[in-house]
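The following blocks contain the structures, represented as structure tokens.
Next come two complexes, and both contain subunit A; in the first it sits with subunit B, in the second with subunit C.
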Partner chain A sequence: MLKQKALIDVLGQVNTSGVDGSWLFNKDGLLLAYVGSEQKEVASNVSAALLASVWTALERRACDLRESILVLEDSTIAFTLVARTMLLAVKAHKNADLGMVRAKLHSLSTYLEQPILSISHDLI
Partner chain B sequence: MSSKRKVLLMGKSGSGKTSMRSIIFANYIARDCSRLGPTIEVEHAHVRFLGNMVLHLWDCGGQESFMENFLMSQKDQIFKNVQVLIYVFDVESREFEKDLRYYQSCLEALLQNSPNAQVFCLIHKMDLIEEDKRDETFKKREADVLRYSELAATPLGERSNAVCQCFKSSIWDETLYKAWSAIVYHLVPNVNTMEDKLAKFGNVLEATEVILFERATFLVIAHAVLSPHKDPHRFEKVSNIIKQFKLSCLKMGSKLDSIQVRNSRFTAFIDTFTQNTYVMIVVPDGKVSAPMITMNVKNARKVFEAIETKQ
Partner chain C sequence: MNVQQSLEELMLAYEGICAIFITDHDGGLILNVGLPATLDNSKFRQQLILSHLTTIPQIHKLKMGGHKTTFAMYESQQIAIHSLCKYYFIVHAGPNANAGSMLAMREKLVAIANQMMSVCPPIDGDAMMPTSIASAAAPPDFFD
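Right after this comes the complex of A and B.
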């Protein structure tokens, strides 16, 4: 079982010093949780779907894709695979240190890996 | 393990026994029932309920000549090994006293032949009574029925289950589902385990309500209410509405899989659950993530499948 509140608590922990949003969604682009400042132009579920399609497009080109970083006009989005079926993404301000953003992304994904694996493993 | 339960459906002719059976178990809709003719003698129907439980419905014709037969020559055959008797009264009947006397004789025969049977009475066709008089009429009829039940039961000593439960019902609204859900509730083993698990499941999801529906009939089998709600008839309304919707889906050649309803104050999910059930989850949050709920439902499925197979 996955508790929405608990998941939101965990995701919210990375939202410090420049990082202002984190998503967890599956490869189909369906959003499980978003924590962070509500974006003005794009709703969080739409951005999750966009990121998922970017991921699948990249995955087709590169085998064994681990992580990707999008550098945008005013922000950076880093995302990675968790538990084979889910994607974890964090969004940071463009001035944020990229190494810090990656470190946060990876420690969060390691933390989530086992729990999510155990619940999604049952489903297959 | 398959368990067979004999369910007797009795009552005066034209009181609506076959109609309600057709709506609940044979996917009729209420207005189709005008096509039904009178039942001759006994119609047997085997209904699979919750997968491995078979309800053996004996729909007994209600004309007086049949009734006499049932009570005299076929008494043993009819009233042996009965688990449930459902007796249907027509609320508008002009000869209610006579109906009651028949009821008393049936009950006596039943108690002699299957002393452990449970008895339920339906005061049917409530839609014919004006809305503000329904409660009053029902109370009066119920008192009569209970009085006659006691009359039949007292000569046989102390028996608590003969003093039956009465329900008001009508095929035109949700009361039919309420009555049948209550009856079925008594037939399903493990209901308590299921409700325990449902409550735990609801806690994890932070839901206000989790309801389990039987797949074919859409009757409520079990429910967990985690915070009170003001409408006591909501389950039956949902049963009624979703069943109609499911039938329309079938007409289009497609199968109902899941439904999601969302507004700013709540989200409701109806999803296929185990082989024999649908589950409905109400979460008091308009923004809750649907994939998360679906994932949790899938995870819970195994636990409930295990409970069902244990039956």
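Right after this comes the complex of A and C.
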């Protein structure tokens, strides 16, 4: 099983040096966990739904999407697929180094791959 | 400055880039440069533009500022879409292109976008209209 407290601890480990939020949610946009600074205007579950929607739109034209990065005026969001069913996203300050953001995203997704695969099997 | 020539030079300067096309915010194609094999791929282009336009309202709802760049990495290709002025610059590259270069290309595209804005300013003029000109929707002073 996936322990919620452990999951939050793991997600929180990337929130350093410019990265200030990390989400784990499924492709339907349902949030499993969010760790990071509280967003004033948009709740984390709403952000997760919006990011899942963006992913679905990008994936519609080619199903082999691996990773996406949104560069916005205030923040940068990088997100990727974990265990074929979940999406992992990290939010960084606009001045954060993108290479570091991607490195954190990749190491976190690799770490979470096996635990999430195991709960996917449990659900099936 | 010849916009098409500048875009072609830019495309050839970066390894792995197959095509660059410019659209307006409604998805209308303005300019398309690319390697000969990619130029007649209109279905691919339209799908790409459509999927991007679908994402824009969702991105604005995140309330993290305006859209600057969307980068999507697929197994077989990479796409970067830069929002500059009133245009989207869509950069299509192979899997071996440098992601950092594609993102940094935005700085090079600014000059081209500014040139396009000077040649063809937007008709709605929301960014260009001087504040002293009254809106057509406002009633005249003598209206009672």
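The rule we apply is simple: the second predicted complex is superposed on the first by the 124 of 124 C-alpha atoms of A that agree within 3 Å, B and C clash if a C-alpha of one lies under 4 Å from a C-alpha of the other, contacts with A are read in each partner's own complex, and residues count from 1 in each chain.
One rule holds for everything that comes next: contacts are C-beta pairs under 8 Å (C-beta built on N, C-alpha and C of every residue); 3 or more make two chains touch, one makes a residue touch a chain.
Predicted model, so just to flag it, every value in this text is computed and none were measured.
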Check your understanding: If subunit A is used to align the two complexes, do subunit B and subunit C fit next to each other or clash?
Key -> fit
Check your understanding: Should A:A43 be classified as contacting the first partner (subunit B), the second (subunit C), both, or neither?
Key -> neither
Review point. Of the partners subunit B and subunit C, which touch A:K5 in the superposed model: first, second, both, neither?
Key: first
Review point. For subunit A, which side has the bigger count of touched residues, subunit B or subunit C?
Key: C
Check your understanding: Is A:I69 in contact with subunit B, with subunit C, with both, or with neither (first, second, both, neither)?
Key -> second
Exercise for review: Identify the partner contact of A:A103: answer first if only subunit B is touched, second if only subunit C is, both if each is, neither if none is.
Suggested key: neither
Review point. Roughly what angle, nearest 10 degrees, sits at the C-alpha centre of subunit A between those of subunit B and subunit C?
Key: 140
Practice item. State whether A:N26 touches subunit B only (first), subunit C only (second), both chains, or neither. Key: first
**Study point:** Overlay on chain A, subunit C to subunit B nearest C-alpha distance, Å
**Key:** 20
Revision key, fill the gap. Dual-contact residues of subunit A (subunit B, subunit C) none
Study note, to complete from the structure: Seen from subunit B, its contact residues with subunit A in the complex are 201, 204-206, 288-292, 295-296, 298-300, 302
Check your understanding: In the complex formed with subunit A, which residues of subunit C make contact?
Key -> 47-48, 50-52, 54-55, 58-59, 61-77, 100, 103
Review point. Which residues, counting only subunit A, touch subunit B once they are in their complex?
Key: 1-5, 7, 25-26, 30-33, 119-120, 122-123
Check your understanding: Can you list the residues on subunit A that touch subunit C in the complex?
Key -> 39, 41-42, 46-47, 50-51, 53-54, 57-58, 60-62, 64-75, 77, 91, 94, 98-99
